[in-house]
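As written, the chains take the letters A, B, C and D, and residue 1 is the first residue of each chain.
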Amino acid sequence: MSSDKSYKWFVDHLSPHETHGHGIDALVFSGKSDFQEIEILDSKSYGRCLVLDGKMQSSEIDEYIYHEALVHPAMLNHPNPKNIFVVGGGEGATVREILRHPSVEHVLMVDIDQKVVEACKEHLPQWHMGAFDDPRVELKFLDARKYLEETKTKYDVIIIDISEPVEEGPAYLLYTKEFYHLLIDRLSEAGTISLQAGTTAPPYLINFRAVCQTLLNVFPIVSPYQVSMPSFGLPWAFALASKLTDPTSFSPDEIDRHIAERIEGELKFYDGITHLGQFSLPKYLRRELQKKKRIIEDNQPLYLYV
Amino acid sequence: MSSDKSYKWFVDHLSPHETHGHGIDALVFSGKSDFQEIEILDSKSYGRCLVLDGKMQSSEIDEYIYHEALVHPAMLNHPNPKNIFVVGGGEGATVREILRHPSVEHVLMVDIDQKVVEACKEHLPQWHMGAFDDPRVELKFLDARKYLEETKTKYDVIIIDISEPVEEGPAYLLYTKEFYHLLIDRLSEAGTISLQAGTTAPPYLINFRAVCQTLLNVFPIVSPYQVSMPSFGLPWAFALASKLTDPTSFSPDEIDRHIAERIEGELKFYDGITHLGQFSLPKYLRRELQKKKRIIEDNQPLYLYV
Amino acid sequence: MSSDKSYKWFVDHLSPHETHGHGIDALVFSGKSDFQEIEILDSKSYGRCLVLDGKMQSSEIDEYIYHEALVHPAMLNHPNPKNIFVVGGGEGATVREILRHPSVEHVLMVDIDQKVVEACKEHLPQWHMGAFDDPRVELKFLDARKYLEETKTKYDVIIIDISEPVEEGPAYLLYTKEFYHLLIDRLSEAGTISLQAGTTAPPYLINFRAVCQTLLNVFPIVSPYQVSMPSFGLPWAFALASKLTDPTSFSPDEIDRHIAERIEGELKFYDGITHLGQFSLPKYLRRELQKKKRIIEDNQPLYLYV
Amino acid sequence: MSSDKSYKWFVDHLSPHETHGHGIDALVFSGKSDFQEIEILDSKSYGRCLVLDGKMQSSEIDEYIYHEALVHPAMLNHPNPKNIFVVGGGEGATVREILRHPSVEHVLMVDIDQKVVEACKEHLPQWHMGAFDDPRVELKFLDARKYLEETKTKYDVIIIDISEPVEEGPAYLLYTKEFYHLLIDRLSEAGTISLQAGTTAPPYLINFRAVCQTLLNVFPIVSPYQVSMPSFGLPWAFALASKLTDPTSFSPDEIDRHIAERIEGELKFYDGITHLGQFSLPKYLRRELQKKKRIIEDNQPLYLYV
């Protein structure tokens, strides 16, 4: 029997010339929404995975890295976050991490794709862990940008948890200067946002640079950081942008104290030393941000390969 | 014409159930030595690559990350490294980085596979940049372990730059407790070693843990560190082990001063902040090292999948 | 959306150096029996497929070619086949084709793997079309060779519908001289057998030659024939062996008349001209059978790559 | 060592959802002409291969099947072929087979792509075997259609040996009704043409049907035939079209006598029985040609996937 060899594969095309292949055991869910193709599958190395339009979104084995890295640095960058807005976040794991902060009074999650959220609710219980049922959580299936344009509410933290900007995909207008101006307007005084900022692999740095430079065009404080999430096949960047507080001003001990005081349960990825490590980018990445500016605008969007 | 699509591929099997595929332009060299299959190929995303037994060893686009990370932390951990030993290092880039330290008087590189070194000399000039011709460099094609058993010379820094331990491969006896005991005996008083310590991807942490735990069984100071080298397809660990000095005791400013004073030319990857970042491992990796000990011994080797 | 590109694949390894990849929509069934791994999947080009131990067994789009080619030449080679034995035949399509011959009074199908048959019953209704429920059909889950050794019954036609002979697989003892001697003993006077005889692709002719030569060692009349079944990725051979009648003695008109008189419903693949074409092997295949004999025996089996 | 496993691959995309992968040893030649990407590579299973725009054109192991099947039926369909025109034929193997007919006085080969021919001359000596140097052969690098439009010469046999009709590729205007009208005008009284007519795999029959139906729109006699050439990954059709003689009117014995009298050297694929077999198409292919007509015209071309 050939049980030591995979013959069913999910092939993630990182670029036209680079692939990341995952031997799979089962296709748990396949569907198509108005916005994207949705797959939930069980891979042999990374467990259950969410795949949108053929791209890995998160895996059972390392989603905690992604979601802890996306949520907690931003939450701790605000002194007392009560009102939180989540753009996207279909798996429910971003909300799960937000709810670990007892300061939180209300989380509004706006995801354009109801089908994704419903598939995740049913098939990714390890991700959301019931977060959608928490009374503090409100869920709307709308265009988040349009919603923010029409509301006057201020948020303490806005977490942007969306897929990459691809042509005809649902996300590209959530990566532009205009959108970031809208976000800063909707933030409270010490307001902070965080988002994934593309791969930091040397062949594909254009997106990382453009996202960071576009944020810097709008926010007074922008702190990119890097994590290793092997299910993505490439190293990955996030960025935290805020109106007031620089996350790199906190020492590891301060972060550890904040975690002890302000987060329930135990984290697996994030702590003071992790914080220090992730914000200490290698020299070539810091240099990259000094290169010629590429500002992403509504009428000059940046599309990545799918 | 289909120029935007790759149909020639190098497929790196990261595990039986995970692959990393590279669209390729050309096969520059193919050969077989007594020890391994040797390929040098031009990939579309990572440029020229060295592949041994089907596994990526280093790529033109990110080899500086690997070689700067492997060499400079160890070199700066010794106050005045003069006599250097390199185990493996076929590409010549490890020696290239060592030679940037003017303190160095002699580098002995011992690689078991002459064919690899000859192929690299001819086809990877961007890697070695003539390092093999430096009068301070001595090159021997021998079993490095046997050589070290028979010599009485002491070395200030020993850099281990070899492929992963696989069954029937040339390297597995260079990852054992017995070999590390030999190394510590051949080090001078402030002697330091460095080596790659396997992937830090959560599904495959066994090797990282075992290498670090085996080092800790022998050396008083062991400092693992992590870098992102996307051509490998997975995040990767290194480890520095020394008799005297803890590399994490240096501040970023001290590292930057040492670099300015002790390294010629400009580095692309490594500096004080990079140093701080790479040694600040995320929480789950530090936890991993607390788990049940797995000591690698000559008669209990650890083989990785090829 | 990337709907024009497949990222979920079933990869059939035709050899260590040749693959046939199928973009897939769904994994309908995955299981493991005592004998093999069982998959039923929906491919984009060939529809539903049965896969055993990672090898394509039959596809919705071209299974009629396989099953008509396997069954009808043998059935028409006997003047009045009443009692039929099927070795293997898990999908039920072989029995389906046999039942189209009104002469048939009893079909005994012996498949070692009950799990395969149950999965096919549930998920491949287009294959069996209810054949398992026909009162003329008897189904046993046993080792067919052992069963035939112990019975004294004579059969008019024996159809061998099994996977390829691979090490540790369930089939290799059903391809030997000893087994063929057993078959000829269990055949009635004008008895005929048919079986798949491996690929006719030039790089892999060893199996085709050995199967035919082994049959010729036992049967007075052996007629190999070739069909194109693209889901297999390679051209494929069958062989008919009989005690009395040479199938190539029938003209296309005679075959067409036999079909009209003796088979219910309309065939899609097989008719008089098809018969003529498939038994008219190209010169290089006829030559292959003249080469040095390779007789497959119980203690000198032939294993194919999986 | 992992010598039993391929990690360098040529992946032939048969369709967006079907691939044929070849483990490769070496890339012998890579280039780009004004018309297409050109590769010559050494595969592990099929030896040396010519690949144009990522599609397999012919392989060392089975090119004799393709070239004997393309050339000899057409040549023997004419009583005394002296003047031959070849459209395409870059490898030189088509000319090689034509020159085995001593009746031939002149072969004009017109291939649009000089770079392909030069690469084949240098790297595929097993294909052309010096045919380009034969004094009967004239070679022009032109658009064959334009050339034929401007000449008044009549040819006894015209062999069309070109790649498939793909958008922006060089070949699509050589598959239209208008081109076939041009060909019939340039044929002598008993003139015959032959060409490859696409795959006969059930999922992709549109091309086979349209090519045959378009030929039937122009020629009084059209005889499609099928061969198995495993390097193509799919079964393949050819078609012979003539003004006078039906190739299926010859018995195997007549073909064998013609071969003995009119072809020098020994053939490996083609003889009387092969002839009978290849023109005896299975029922489903003959049925396919009865389906709704699809005539290919200059302004209604048929493009296949690349």
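To be clear about the criterion, contacts are C-beta pairs under 8 Å (C-beta built on N, C-alpha and C of every residue); 3 or more make two chains touch, one makes a residue touch a chain.
The shown structure was predicted, so the numbers you read here are calculated from the model rather than taken from an experiment.
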{"item": "Least hop count linking chain B to chain C through chains in contact", "value": "2"}
{"item": "Fraction-based call for chain D against chain C, same above half, different below", "value": "same"}
{"item": "Mean-CA-position distance for chain D and chain B (Å)", "value": "52"}
{"item": "Between chain B and chain A, distance of the C-alpha-averaged centres to the nearest whole Å", "value": "32"}
{"item": "Residue list for chain C, restricted to those that touch at least two other chains", "value": "5, 9, 11"}
{"item": "Which pairs of chains touch, using the document's own definition", "value": "A-B, A-C, B-D, C-D"}
{"item": "Interfacial residue positions of chain C with respect to chain D in the complex", "value": "4-6, 9, 11, 15-23, 43-46, 61-62, 65, 199-203, 226-228, 230, 233-235, 252, 267-271, 273-274, 276-284, 286-287"}
{"item": "Residue ranges of chain A in contact with chain C within the complex", "value": "1-3, 5, 7-13, 24-27, 30, 32, 36-37, 39, 41, 51, 53-54, 168-169, 306"}
